[in-house]
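Two complexes follow with subunit A in common, the first pairing it with subunit B and the second with subunit C.
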Partner chain A sequence: MWRWATLSPALVLLLALGLLPVLNLVVLGFFDVRWADGRASWSFVGTRHYAALAGDALFGASIANTMLFALGAVAGQMLLGFALALLCSKVTRGRVFWRALFILPVLMPGIVIGAMWKLLLNPDFGAIGQLFELVGLQPVDWLGNARIALFSVVLVDVWHWTPFCFLLFLAGLESLPRDVYEAATVDGADAWQELWHITLPLMWPTIVVTFVFRLVLAFKVFDEVYLLTGGGPGTATEVVSFTIYQRFFTEDRAGYGAAMAVAVIFLIFLMLAAAAAARRRVQAA
Partner chain B sequence: MRALRREVVLQVLLLLCGLVVVLPFLWVVAAGFRTQISLLMGDFWFTPSLAAFQEVLFSKTSAFLHNARNSVIIGLASTAVSLVAATLGAWSLHRMRWPRWWVHLLLLWALVLQMIPPVALAGGWFVMARGVGLDNTLIGLILAHATLNLPMALWMMGVFVRDVPQDLVEAARLDGASTPVLLWRVVLPLVAPGFAAAGVLCFVFSWNEFAVALNLSMRDTATVPVAIAKFAQDFEIRYVQMAAAASLSAIPALLLLLVAQRWIVKGLTLGAVK
Partner chain C sequence: MASNNVPLGRRMVLGAGGVLAAGLTRAAFAQGGPQARVAPITIVINQSPWLDSFRRSVEQYERETDAKVDLDVQPFAGSLEKQRNSVRASRGTADLLVMNSGWFAEMYFGGFVEPIHAIEPGFRLDPEVYTLGDTIYFDADTRTMTPRGRLMALPIAPIVPLTYYRADLYREAGIEGAPLTFAQLEANARRLHRPPRMVGIVQRGARGPHTVAFDFYPYLYGHGGSIFRNQAENDYTVTLNAAEGRTALDYYIRLARECGHPRTAALDQAEVIQNVVTGRAAHMLTVVAAWSQMDDRDRSAVVDKIEFAPTPALPGRPTAPGLGHFVGGVARNIPDDRKRATVQFLAWFQTKDAQIALARHGGMPVHAAAYRDPIAEDRRYRWMKPLAESLRHAVNIYQFPEASEVIAVLELGLNRAIAGEITSVVALNDMARQIHTVMAARGYRTGQAEPLR
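So, the complex of A and B:
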């Protein structure tokens, strides 16, 4: 009896509020919905939305952009975060202070990060532009130039989430066994050998966990893009969350938006399955 | 001597990284103290003005205090719901007798739920909320945020619940403790650190959440991030007001970082190291 009583609150949230909306989207994807006088009228369209999805160039662009964004941003965050963690783990004083300082961006709302960098990257009065001018560089239209807009959004995301990778890596480094390093020093290993042959192999599990975790979060990116570029210029920074949002909410094409959401969820399933299969293979080898 | 020189070099490098983190914040806070003209002119020196903060907080064109009230209510309530559901649920799943496939299935679903873009869920919730009349209510957003944060809380509480010693549980049972008494008197004090860590993070993530709040709220239920985005969307972007509002919205995270840094670090690193 207590078994069910203790589980029920979580079960209600997971199923009624977690599973039901997804099922709702699946059903909705086969319909066209019109809102009139606050009442919805549904008309069945079969798989027409899914057929349209296959030929939707915007959807294709947003999938490609999202993957580029996620891989680029996460790679940058992991490298910088690891370097920063190594740096921080080597100092003897003030480690707690630096850690507290570096966490700051992680705790900020994505929308605040977006607002901040919208100001900082503004070509007319932003601090970055002024900095460029100061050292004699040409001003750059970071968010308005279609060729570099996605790169700029990646940079902002790297600034936002590098501290998170740093935090996980620092915790990992601090939990490594000391005696291995002492033995290496006795054997005369230099700093690079130590990093390559001891630290990296020992840190591998933490690195993989951080990578997967960040990749999943990066795939959901919405807030920063919403404020910084609104998907533009053109489709340069169109990402899946933003495309779903536009179809579903701003254009009121709930059926098509739902089909898109279902396709994205399915894609995430595929990636999860691929990751699990890869892991099994590595473990078997 | 060499050790000292190395320490100085490392500290200087860390200071440079620290500046990369802090300077953008300071510049934006400073922008909040400018006037729109001074900002657009791009002069380095300016006379500080409280006009933007005053406008954000007290003018008729802004409902920031009301938005902050909504955010606090939603944050506290959704955190409470997530924590209760996660603690009880974690105990049930990890320490009570369930078929293994059922436990695995639920935890796997929690993982998948965590991976689904919130915007996609917002679409489903939007239709559901309209159906039962919860659209444009704080309750709708509270439940949505509680659901979004539950997988993380469930995972964190699971780590702590599994560490509760079986001896203590059996001793309490022998003393005739019922399940609620056991949970309240024995388990809760032992998992208190996890409770604190999960609680702080649930609140911060709810306070920060934008994609769902944007689509499930209207004027009078809008949260702080929705209000900040609004400043960027008016016909003419209100830059200084946006900077002032962004600065104000950072206050809760700053306070929590000061008083609860331990729990934040513990919460964020949990699982990656274990």
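So, the complex of A and C:
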């Protein structure tokens, strides 16, 4: 009893800060908020906002784009991050320098990254376009061409967040037991066999945690898209956080925006549940 | 520490004492003297090309009156959020709300702005101040913006688009006169189109908070089109997808594809201006506020080469630029002394002298007399006459609080059409349907035109 009593202030604080805003969001999703005479009036609309989500073309496009974005970006970051971590774990000279260099992008705010890459990718004035021209190639409209705009945003996100995966993987690799590798070397295992039969299985928990972590974060991408493309051209790079921002803030449709946010939270829960189930299956196997 | 080595002489002590005494006297006077009646005020304003001129006017006001004004400068979208947060609180932090055409209706309808005469019954609006489509008035009973309503705000910046064109290239090509009709603009843009080094025209086709839609208004209204049939009469029948709307959008897209920038669908205002000041575009239709960048020797490769004209229209029709202006209204949820102080600032700001000074600071005056002043003859201010002409015909696009929803519909639909994702007909029909849904859901008297085929 005493234990609960001492824990209760922290629990109350946690509930107040964590649960109440979400509850407020859920409740708001069933209301329409209008302002008149300086006061807000809430009118209950039931599930109308949730029903409207199905017909919201922008929301549909944003969900599809966000899925593509999250899977593409996270896959790229995981592969690159793992490769860099493997390389860095074997480096003996200048370890601190290489690590500092590799984690540099993740230290930058998303807004700075968006502005920086927008300048770099600008085909008229950007450095990348000028490099293309130097070698006799036509500058590519990275962000203005609907067919490659999402791919370009994914590339920027990979550049931004690969260091995050790199750091987690490097920490995981450095904590692996060395005796297993020594035994494998004695048994004549080559580098590929070590990677496939020792490193990857031992690293699996780290890989899953990194994947889930990054997937959730990638699903919330906002600042880079906001600055790089504003969701365009057309709906090519519309992502769900951006749609929520527009509906909730720009259009001041708090109820509808809240319903959209709740739907996205539900989707993320589904993804987490799927990831947890997959992890259990792999562990059981 | 270095400061420990500074000798503290008698002269320094006396000097410091003098400064302290002067400060205390001033503070005591400020507390008990006439200045005490003027409360310090905070103005929420967005970061824009005309901000510097406004800031200098505020400094001038502070010097002349000893009043204290804080500028709370925000990005465009952030300014709206800041104002919303302030006016919806029980007690606001923002006194003067500098509201854009995209959201002042929201503030009027929401009851967040105090009518000027409710604060100072004796306030007199200078008759030569532009009323900018009568958007400074609001009639709560009829939900319209006409002089029959109450005075809610004063104009701060009369932002409308103008045609910017390269006069030097016109001379070289033997083209005479400004492009005042759509046919002239297209012919001249085609003639000067030399890609990739020079594009005939650069347009602002990206999706944004109020980007491609604002760029499209002069084309739409200049062709005789409109979004609604008659807002002043509360007739919100959607007319966007009438024949005029289609002609306007087809024209816009044709310019973009045949003599425009290859990335039109991705260009925002900054990039459009960048193309002109770097000498890569022969024309642009953009807000007058960008004029100062054209002749800035540190930023521009086209100093003294740009001329200005009202946006084009069909022959026999007047120019019809969409208002993207800013008005200043007093927040309702602030103490009375701050309300009075805010009105005092507005009363000063609307005077002819303050407005001429504003023009000299690089701003756009809202007082007609400023456009008759000798300053308007100065070559540096060659944009003033086209602006004065444009303001006579400027169109107030939105008179209702759901404007941001309609703008979002237009931004997406227009951008998709310009990017080639959908045809102009599909875009116009789709946008008209969505706008009708928005207006019908809010109970406006609305309807739809026959869909285009």
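In this section, the second predicted complex is superposed on the first by the 260 of 285 C-alpha atoms of A that agree within 3 Å, B and C clash if a C-alpha of one lies under 4 Å from a C-alpha of the other, contacts with A are read in each partner's own complex, and residues count from 1 in each chain.
The working rule: contacts are C-beta pairs under 8 Å (C-beta built on N, C-alpha and C of every residue); 3 or more make two chains touch, one makes a residue touch a chain.
What you are looking at is a predicted structure, and each value in this text was computed from that prediction instead of being measured.
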item: Which superposed partner A:231 touches (first subunit B, second subunit C, both, neither); value: second
item: Contacts of A:168 with subunit B and subunit C, given as first, second, both or neither; value: first
item: Touched partner set for A:2, first subunit B, second subunit C, both or neither; value: first
item: Touched partner set for A:249, first subunit B, second subunit C, both or neither; value: both
item: Touching partner for A:124 - first (subunit B), second (subunit C), both, neither; value: both
item: Partner chain(s) touched by A:64 [first = subunit B, second = subunit C, both, neither]; value: neither
item: Which superposed partner A:144 touches (first subunit B, second subunit C, both, neither); value: second
item: Most subunit A residues touched (candidates subunit B, subunit C); value: B
item: Contacts of A:274 with subunit B and subunit C, given as first, second, both or neither; value: neither
item: Intersection of the subunit A residues that touch subunit B with those that touch subunit C; value: 40, 122, 124-125, 249
item: Residues of subunit B defined as touching subunit A within the complex; value: 6-7, 10-11, 13-14, 17-18, 20-25, 27-28, 31, 39-42, 44, 81-82, 84-86, 88-93, 96-98, 106, 109-110, 112-128, 130, 143-144, 146-147, 150, 154, 179, 183, 204, 207-211, 214-215, 224-225, 228-229, 231-232, 239, 242-243, 245-246, 249-250, 253-254, 256-257, 261, 264-265, 268-269, 271-273
item: Residues of subunit A touching subunit C in the complex; value: 35-40, 58, 122-125, 141, 143-144, 146, 229-236, 246, 249-253
item: Of all residues in subunit C, those that touch subunit A in their complex; value: 77, 80-81, 84, 87-88, 106, 109-112, 206-209, 211, 262-263, 265-268, 271, 274-275, 278, 280, 332-333, 404-405, 408, 412, 415-416, 419, 421
item: In the complex with subunit B, residue positions of subunit A that touch it; value: 2-3, 5-7, 9-14, 17-25, 28, 40, 84, 87-88, 90-94, 96, 98-112, 115-120, 122, 124-125, 127, 130, 159, 163-164, 167-168, 171-172, 175, 206, 209-210, 213, 216, 219-220, 222-223, 226-227, 240-242, 244-245, 248-249, 254, 257-258, 261, 264-265, 268-269, 272
